[in-house]
Amino acid sequence: MADIGTLHYLVVAAALFVLGVIGVLTRRNVVIVLMSIELILNAVNLNLVAFSRMWGNLHGQVFSIFIVVDAAAEAAVGLGILIAFFRNKETINVDEIDLLKW
Amino acid sequence: MLDSLKSFLDGSVSGTPGQLNNQVWALIYVLIIFAGVSVAVIAMNWLERKALAHFQVRLGPMRVGPHGLLQPIADAVKLLIKEDIIPAESDKFVFWIAPLIGLLAAFTVYTVVPFGPSQAVSDMNIGILFMLGVSSLAVLGIVMAGWASNSHYPLIGALRSSAQMVSYEVAMGLAVISAILMTSLHGTGLYGVSSLGDGTGTLSMIGIVQAQQEQHVWFLFKFFPLGLIAFVIFAIAMVAETNRAPFDLPEAESELTAGFHTEYSGLRWSLFMLAEYAAMIAVSSIAVTLWLGGWLRPFPNLLSGATWDFIFALFPGLTFLALGAIALLGTVRMPKHPYFKIQTIGLAAFGVVLAGIGVLLLAVPIAAKVSNQSILSRSTEALMNVYWFVAKVAVFMYLYIWYRATWPRYRFDQLMKVGWKVMLPISLGALILTAIVGVLLG
Amino acid sequence: MTPVATPFFFYMLSGLAIIGGLLVITRRNAVHSALALILTLLAVAGLYLMLYAPFVAGVQIIVYAGGIMVLFLFVIMLVSLERTVKERQFNRIWPVGLLASCALLALLLGVYAKGKTLFEGRPAPPLTESSNTQQIGLMLYGNYMFAFEVASLLLLVAILGAVIMAKKRI
Amino acid sequence: MTDPNTISPLDLETPERPYLDSNELIINMGPQHPATHGVLRVILKLDGEKVLGTECVIGYLHRGVEKIAENRTYTMFNPYVDRMDYVAAVSNGLGYCQAVEKLLAVEAPPRANYMRVILTELNRIASHQLWLGTHALDIGAMTPLFYTFRDREEILKIFEKYCGARLTTHAFRIGGLQYETYAGFEKDVKNFVDFVKPKIDEYEELLTGNRIWIERTKNVGVISARDAIALGVTGPVLRASGVKWDIRRAQPYANYADFDFEIPIGENGDTYDRYIVRMIEMRQSLRIIEQAVAGIPEGPIMAKVPKVIKPAVGEIYHSIEAPKGELGYFIVSDGSTQPYRVRVRPPSFVNLQALDIMVRGMLVADVVAVIGTLDIVLGEVDR
């Protein structure tokens, strides 16, 4: 088996990224859409860490930590919106969230 | 294989199997720890029932084996052969996997617990971070169990316990950080801060204990009372983390029957119990490592020298001898009735075994002292390390029982209030003060 | 410390990650999706460890698996699921979405195939694991001080936003 | 403050409800639940964990005690009253016997009265001990339960020695007592008083200053004096709200007028005050017992009561201060050997009515604490 190089990690990350994009574009359940976004962020993180390893510096890892922070903030706000919305309309389907003003 | 086996028995080796990349010994260590923790949980089960009973002017288990010594085994057998009930309306897969997640999280933590400078499966560079992270996974098992049961009480119990565990993790983490900060001070003594060194600390569990050794002080006393405050915060938060009294709201019997494991029975229920007790021991090990000097014996620097080393080396043997003596005393106090004959014999045998272990443990340091053999002294040292670590953890285990016997239960809003409005500011303050004092003295 | 059986662990972990990702977007029940996502997150944490990034791996486990996923599970429990499980799972334009995603994947793979040489022949410089955490700390509080503070502000805003939106009456 | 006269079950003032509220849920607590002290069923309407209203469903232990009385002679009915408040059987018997004595216009002799006081006060302590143990267990403190049961055992031993029964004692007869004291009764009681005094300190040590206990009980289940009086609440629950009403003092029966004791009252009417009031009551009961044992006179123990009890036509209401509050008996006689109608005013039943206003706006965990603090016995609520 060949040595595992940066490219291998990039391919895995690409696969995760695309899976996330598919989830965001096709699912109706908001919770699962949010989870797909987490998948995308993870793919990005994997890329960053892989490049950080490739270049031998830690900037990529630091950025991936920032992205984790961002993911936490995004999940908190997203789920907050979701709860508020569920309380109003009793649904968590994206395609039913189509009113700009309540 | 054989080489790697032998290499580790060699007296010159120091370091954990993980560090030395010795998979055989890593596996052996994992097995030893798995077995040890399981035995400790069983012993804790007996001890809790017995000690709690004596707190409450009862006798506790007395029938199965002398003084109920075989009761945990009887319980385990009973739980194993019980019918495995999975509620019809539950989510089968999640219901099935939830206890396993809790158990896995509780046991994985032990890979980095340092029983001695080389008595750990692996010394991770991010040891404490790993421990906190993996133990925070236990909450997933609880949440899933509550959800999968598809029933009111488990769901409320799961919601409560996840909110509780996530909240107390914050205070716990801040308390841990202030201990980690202390590893970077490099000065000796209570208020010692050295301007030498690169001012870096460590996250490695072994490194933290070694820092305490180097600084000649347990972090409990460092910057008195700052270390003490952080320790107390941690000691409270760890009780909440493990859902034990007085923070046992998730399983508050008078309100929620049994909380998240209401629908569980038999083997799966016992897995939850195993995970709970294993988690208790795990968080206690963190507290011992961070603040109570881990495997270090009391006063390693003040009372140093060969004589003191020898005297402290006698402790493990004496402890076992004392336990054996208690068992034999129990034999004498057994009712003199033919009905109790087998029990008396069993208790006597148990006492003799304990005393025998004690004699063996006494013989090792004495023999080492007499002949000065290196292999013996190394194994003595390992024994000592493990002994002191376990002894310190045992104190925490006793405290857990004591809390349970003494205190009423908090209400949920009060629990959250204590967590967020009392513990969090105090631990944050202790952390900032520690940093300020460190800078001022450095 | 030298890694053992690198290819085996790499393929195992990446396989787990991708299987988990697939399950996330295909499961009917959001709790099962969350479980699968946890699997993916842990596998990715393992990949970080293989890339000599133990601190990032630790953060991944604590923040993602221990924090964010608990939040997700919490919300899934609060919003009732019975109805959504029985409903149509994919929106009407799913073929378009799928097609676009596949195109994206093809693009990415094409780029990688074309630029293969960029990544090869570059021996990964030895990074010492022991100083990783320390170096990240120095960078966070050195080069990235401003970004760090902004991130903390972002978290504060997120907390406030989440509380305001989720609370019934303030 | 809620006016108790306007409360109707589950009549919820719902102010502006801006959202479609998906959080309201109805939970059934009991009849089989560890914290309802028997077979009480409480329907809780919750908003999250906040209680919006409660409704008690009773009757799971209904045995028709009052109806049974109509088919029994006065003497035959005497043991039945023990089955109402079975943890304070002696008090029940005292109330019934005195009511019938009043109807017959006979007076129990002084020695019998002293004995009655000693036994009822012992029973009051036993009842309070049982309350304390179970109440503390509900709030999560396990240990007091075992302590109180250990000490209650000593009281039950005295009962057993005196009349052969431990729980449903049937200790008193109409007109006095059936049995003379056994040899060493006074000594046993004195020993018990000396034994239990430090034990009460022990309970207080575990709970009174305990931070968690204070947090769980202070300002929980508050009921104002006005509400308490309006709802007819009596006993320690009323006194904790600051009303100095104790029938032993207000309308002395037996020979309570001879004894010197204090009536403890609380200030806030919360669960903590009720706890303190009951703790002081236990000590005061010990004081009464000490005085009674010291002053117990010689003499007959039975008044002259006809063999067949046939009271004149008439009706009577007599109430005593049972451990849980005012225990009243209303007896109508039609001149026959059997009562025409007996109506019992059970303190637990009346006190239970206060549950709703005490727990509104509190949390679920407080419902458990409040049910405990009301000290209800379902045998008495359902009769």
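Order of writing sets the labels: A, B, C and D. Residues in every chain begin at 1.
Operating definition for what follows: a residue touches a chain if its C-beta (ideal position, glycine included) is under 8 Å from a C-beta of that chain, and two chains touch if they have at least 3 such contacts.
Treat the numbers as computed from the prediction; the structure is a model and nothing was measured.
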Checklist entry - Which one of the chains is closest to the middle, using the mean of its C-alpha atoms? => result B
Item to check | Which of A-C and B-D has more C-beta contact pairs | outcome: A-C
Checklist outcome for this item: Between the Cα centroids of chain B and chain D the separation in whole angstrom comes to 47
Checklist outcome for this item: Rounded to the nearest Å, the gap separating the Cα centres of chain A and chain C is 6
Checklist entry - How big is the gap, in whole Å, between where the Cα atoms of chain A centre and where those of chain D centre? => result 63
Checklist outcome for this item: dist(centroid_CA(chain A), centroid_CA(chain B)) in Å evaluates to 37
Checklist outcome for this item: chain C touches at least 2 other chains through residues 55, 59, 67, 76, 132, 168
Next on the checklist: Show the residues in chain D shared as contacts by 2 or more other chains, in ascending order.
Outcome noted: 19, 21-22
Checklist outcome for this item: Multi-partner residues in chain B (2 or more other chains touched) are none
Next on the checklist: Under the stated contact criterion, what part of chain D meets chain B in this complex?
Outcome noted: 27, 33-35, 49, 136-143, 145-147, 150, 206-207, 210, 212-213, 215-216, 363-366, 368
Checklist entry - In their complex, what parts of chain C are in touch with chain B? => result 1-2, 4, 29, 31-32, 35, 38, 54-55, 57-59, 61-62, 65-67, 69-70, 73-74, 76-77, 129-130, 132-134
Item to check | Interface residues, chain A side, partner chain C - complex | outcome: 1-12, 14-29, 31-32, 34-36, 38-39, 42, 45-46, 49-50, 52-54, 56, 58-59, 61-62, 64-66, 68-77, 79-84, 86-87, 91-95
Item to check | chain C-touching residues of chain B, taken from the complex the two chains share | outcome: 18-19, 21, 23, 91, 93-94, 97, 124-126, 129-130, 132-134, 136-137, 139-140, 143-144, 146-148, 155, 158-159, 162-163, 166, 169, 200, 203
Checklist entry - Which residues of chain B touch chain D in their complex? => result 52, 55-58, 152, 245-246, 248-249, 252-255, 257, 404-414
